[in-house]
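The next part holds the structures, each set out as structure tokens.
Look for subunit A in each of the two complexes below; its partner is subunit B in the first and subunit C in the second.
The block that comes next holds the complex of A and B.
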């Protein structure tokens, strides 16, 4: 190997070193600890009495109704929230892809929810959802509709959480799609117009397919994030009514932090991680999103 | 997290302890015969000197830990709010610096166990949220050896006879040792808006049935009849719901086994759910104590039943529209049953890994001493001392009728059945399913029988019964 190549490799190695150390320290190490703990009955309540119990935590998890209910709630929340956000995000991005002064102001306004501290926004929503003092029921009454127990009713609690998540994260999809639209070539659109295509045809046959790699990545990021949503649900419903809005993350929190059963909580976290990795890999491979462009057919 | 050190001695007016509060407190002290020989003047510097003399009359070497520093950790609670402004006096008395770490209840309960479980030497002193959990896990230092240390404790000066019996018995753990000191006293107490009761022509209810019928009459438009906690959380409905179970002849834990599927417990929670469904506010299934208190103080709810400590806020006209026309009453009971309200003593203990145990013990002794309790009670804190409860300062801040009702409810409470559940080492795994079951009944997701039976099975499995 030439001297130049050796020095280049050393340079790359040194440049990657800080990020690698951080990654190992902050991500890999806690993951390994969680993974090991998930095979034990480690509890902060029984210091020094931890036993290796092999797959018992996982068996217990798979045979508990609460786990399956939490998984179902998590999937419903993730799928519905991300679907609505992608539809709205792509639609708004298309409408806002316009070099007009008013539009650029609107663009800024639409992106504001991303800049607001999530927990502050969530507490504001808690006030807005308040059945007696909240603004939502005020408008319901103005419209002659029955006020709702937004967060306490089995019919509306999950919908309310999805609403808050959508308000907060649609701008993320919007931002990625706007960036995608800006990078698309003009020629196909101009050619379509010359051929007499309608706006709807241009949107469905040209814009969406060309934007697909961007939509796909946004969808993937958002799905992973929505799958582990915690703050919104914890503050607004704590998983209620009953356990109808308790997601896997909340379920892990209950066992880890409230019951201090770190081994069991670790197994929930590992199952979540496996689900995330498997789904993400299938999605990426099927859609070839991360492959170099020249391999796309 | 709020984190700051209070090691200076501000004048009285700069403390939360206003001159008015101070006068009230000192008159209370005088009333209790503690200050009669001093005749406290009104200005800060001399008051501080006089206060110091009261502590120095104890046969305790207050300066033995001079120069050390301790961390006090607690949640946003009246005890922290009333002790914090008095800390400069402790610093002057002992030369010990106290660093305060204060968090919301949910943050506190989530973070401190993890810290203690990891063997962290701080906090040195902390408010104990679950005695069973902390004692069982070895996170608390036994206080008995310190009580026997003549340099750190003066039994005569401390006057144990002045402390409520329940507050003295609470800290004694299964092994006979005391690991904590009780710092507050509260009991489940009814508070009713007298103007609303008069307008509806109903009296103060005494039974579950009366509460239901009165609540339905009081409910109109935007005003609910009764508001009680029922959020799907182990810290919400389980405490007032527990009082309903006890007052209907039931128990939560007996001989290490969950008994929430007993007919008494099911009937009690059925009542709890029915009252809130028929007389409660819209969305009561998401109510914690904060929403209950807020609705009551804003006069959008006529009756509440929660901690006696609410009286301090209810009687504060700056916060509450219900100030001055609230009637405080005894806990309601089930058909033909005796009322047994739920109760609670917040406790404080020393971290078993603390490097400053003697200083931490001096702090606990000071914080629970008669003079400090009289001062903090004048700010409305419900302490564990009879002298403080009987003081004019406390009655003025808390309300005389509220104090009487709270004392009655404290006397009617059965500490043992409460401790069997709340002091269980796995109390979290008992209270969370119980709280969720209450929420399911209130929101109509399940019947009381189904919810309580399922919760009982889950709890018994978790605690190995």
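The block that comes next holds the complex of A and C.
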């Protein structure tokens, strides 16, 4: 028995070691550096005169309206975008799973937004959103609707960004759900069909609950990534009009890279990290995703 | 009737996914005047000039080769390192296993702004700036959390009886892992492999900061077509379109296990 135990512990150790070494090596140093910087007034403009200012960066952050606006924009963007993407991703993964013609073609078309170089896709969206020569307003006019300023208008800017994010990232959720559906057992579905359940009943009573661990993981990763979205917002609106689409990450970028005050940017990054950790812990505990359901004896 | 509506929805979604790409392809066959025509043109005299320019451009081929090396390397090493960790976290409880799992997840939460400069300093000291292996290591680090957590999810869906039977037959932990668990988790490995490949293939920020002069991946290279004054629409759209070909080939190759019921249906 103890021989078995020893072998098991050795197995666990060896299997986890490569991942541990890599992640400790890569993340520990950057984390410590930005954690320390966040208590200083370190600026690349005058690197020699850095002072410890303890919590001043954090106090300044908490008392600035800009921070709270950026936090609200980030939360609205993340929640709306991820919600829409999960609904679309789960729905179309299920529909595709039940389809039997041209499945391969459809699957490939669905994955295109993930496959294309984001720089090119984002600039194409910028061209399409262009108020005077963009194809979107061309369609709006054809349909007899009012042309929009899209990225420049306070009413539509955030919505347009969510649209682009949804286009780009729904396939991520769809792909995870397709993998999940492919690895679920067939019997419950067949039994439900035999019992005469409708497609809607099968979807809500069997597919979604059985797929739930995958949906939960897709939702978690998408939320973590959406919370720190940078590229599309930077290219499409740069946080405008005004600061209406300026997320925390863009706010940190502005201070860190444009104003070169790395200490302040570091404190924004630490606050973002804390928010993500707290939300993720609550989510994982509530959904019991932290530990395996069952283990090998 | 039901089938009709399902297909209608499926093709509508395909159209939505495809339309921006259609516009990109459309632009790649336009002259720079047509690309910015008002109103936008659907029917125009297509030109091949953008493609011939891009194909003759050795730098674009360089981006392509660099991206291919980085993305394949990241997928290979990411799966080699991540899948074993995922298996252990799915199958064993040990002291601190929940915290260990969460710690892996938390490596994805740090905003890139906080990582970039320390990363740069670290790479400078180690002398791996602007190398393939350097960018591969960074990309594996960025994506390991997703590989481990998704693969863990897939392992938890696989019934344990088969592995237990294998132990009863006298196989070791390692044998059971690579002879039983790995083949059974192929749908997961395929989905996660595609995701890792695409994330690495398209990653911009770290590839820019840690690479850029010797090793320049396509997202960084393509950004060169975006000038301060002017966007070179022709070359940007033509090279982006060409770059899709290898990705689609890879996705096509890797998606086989995703096809339903191929692996698990038989004994579940």
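As a convention for this text, the second predicted complex is superposed on the first by the 266 of 297 C-alpha atoms of A that agree within 3 Å, B and C clash if a C-alpha of one lies under 4 Å from a C-alpha of the other, contacts with A are read in each partner's own complex, and residues count from 1 in each chain.
Following the convention adopted for this analysis, contacts are C-beta pairs under 8 Å (C-beta built on N, C-alpha and C of every residue); 3 or more make two chains touch, one makes a residue touch a chain.
Everything quoted here is computed from the prediction, not taken from an experiment.
Asker: Clash or fit: what happens to subunit B and subunit C when subunit A is overlaid?
Answerer: Overlaying the two complexes on subunit A (C-alpha atoms) leaves subunit C and subunit B fitting together cleanly.
Asker: With the two complexes superposed on chain A, say which partner A:282 touches: subunit B (first), subunit C (second), both, or neither.
Answerer: In the superposition, A:282 touches no partner, neither subunit B nor subunit C.
Asker: Between subunit B (first) and subunit C (second), which does A:45 come into contact with in this model arrangement: first, second, both, or neither?
Answerer: Only subunit B is touched by A:45; subunit C is not.
Asker: Where does A:79 make contact in the superposed view: on subunit B (first), on subunit C (second), on both, or on neither?
Answerer: neither
Asker: Classify the contacts of A:257 with the two partner chains as first (subunit B alone), second (subunit C alone), both, or neither.
Answerer: After superposition on chain A, A:257 lies in contact with both partners, subunit B and subunit C.
Asker: Please work out whether A:132 is in contact with subunit B alone, subunit C alone, both, or neither, and reply first, second, both or neither.
Answerer: both
Asker: Counting residues of subunit A touched by each partner, does subunit B or subunit C come out ahead?
Answerer: If we count touched residues of subunit A for both partners, the winner is C.
Asker: Counting only touches as set out at the top, which of subunit B and subunit C does A:152 meet: first, second, both, neither?
Answerer: A:152 contacts subunit B only, not subunit C.
Asker: Determine the nearest approach in Å between the Cα atoms of subunit B and those of subunit C after overlaying the two structures.
Answerer: 5
Asker: Same subunit A residues contacting subunit B and subunit C, which ones?
Answerer: Dual-contact residues (subunit A): 132-133, 257.
Asker: Any idea which subunit A residues touch subunit B in the complex?
Answerer: 44-47, 129-133, 137, 147-154, 236-244, 254, 257-260
Asker: Hey, which residues of subunit C end up touching subunit A in the complex?
Answerer: Residues 2, 6-7, 9-11, 13-14, 16-18, 20-21, 23-24, 27, 35-40, 80-82, 84-85, 87-94, 97-98, 100-115, 117-119, 121-122, 137-138, 140-141, 144, 146, 148-150, 152-154, 156-158, 160, 163-164, 167, 172-174, 177, 185, 187-188, 190-192, 194-195, 198, 201-202, 204-205, 218-219, 222-223, 226, 231, 233, 236-237, 239-240, 243-244, 247-248, 251-252, 255, 257-265, 268 of subunit C touch subunit A in their complex.
Asker: Per the contact definition, I'd like the list of subunit B residues that touch subunit A in the complex.
Answerer: Contacts found on subunit B: 109-110, 113-114, 116-117, 133, 136-138, 222, 224, 231-234, 281-287, 291, 295, 298, 300, 425-426, 428-429, 432, 436, 439-440, 443-446, 462.
Asker: In the complex, go through subunit A and note every residue touching subunit C.
Answerer: 7-9, 11-12, 14-16, 18-20, 22-23, 26-27, 29-31, 33-34, 88, 92, 95-99, 103-104, 106-121, 123-125, 127-128, 132-135, 138, 167, 171-172, 175-176, 178-187, 199, 213-214, 217, 220-221, 224-225, 228, 230-231, 248-249, 252-253, 256-257, 262, 265-266, 268-270, 272-273, 276-277, 280-281, 284, 290-297
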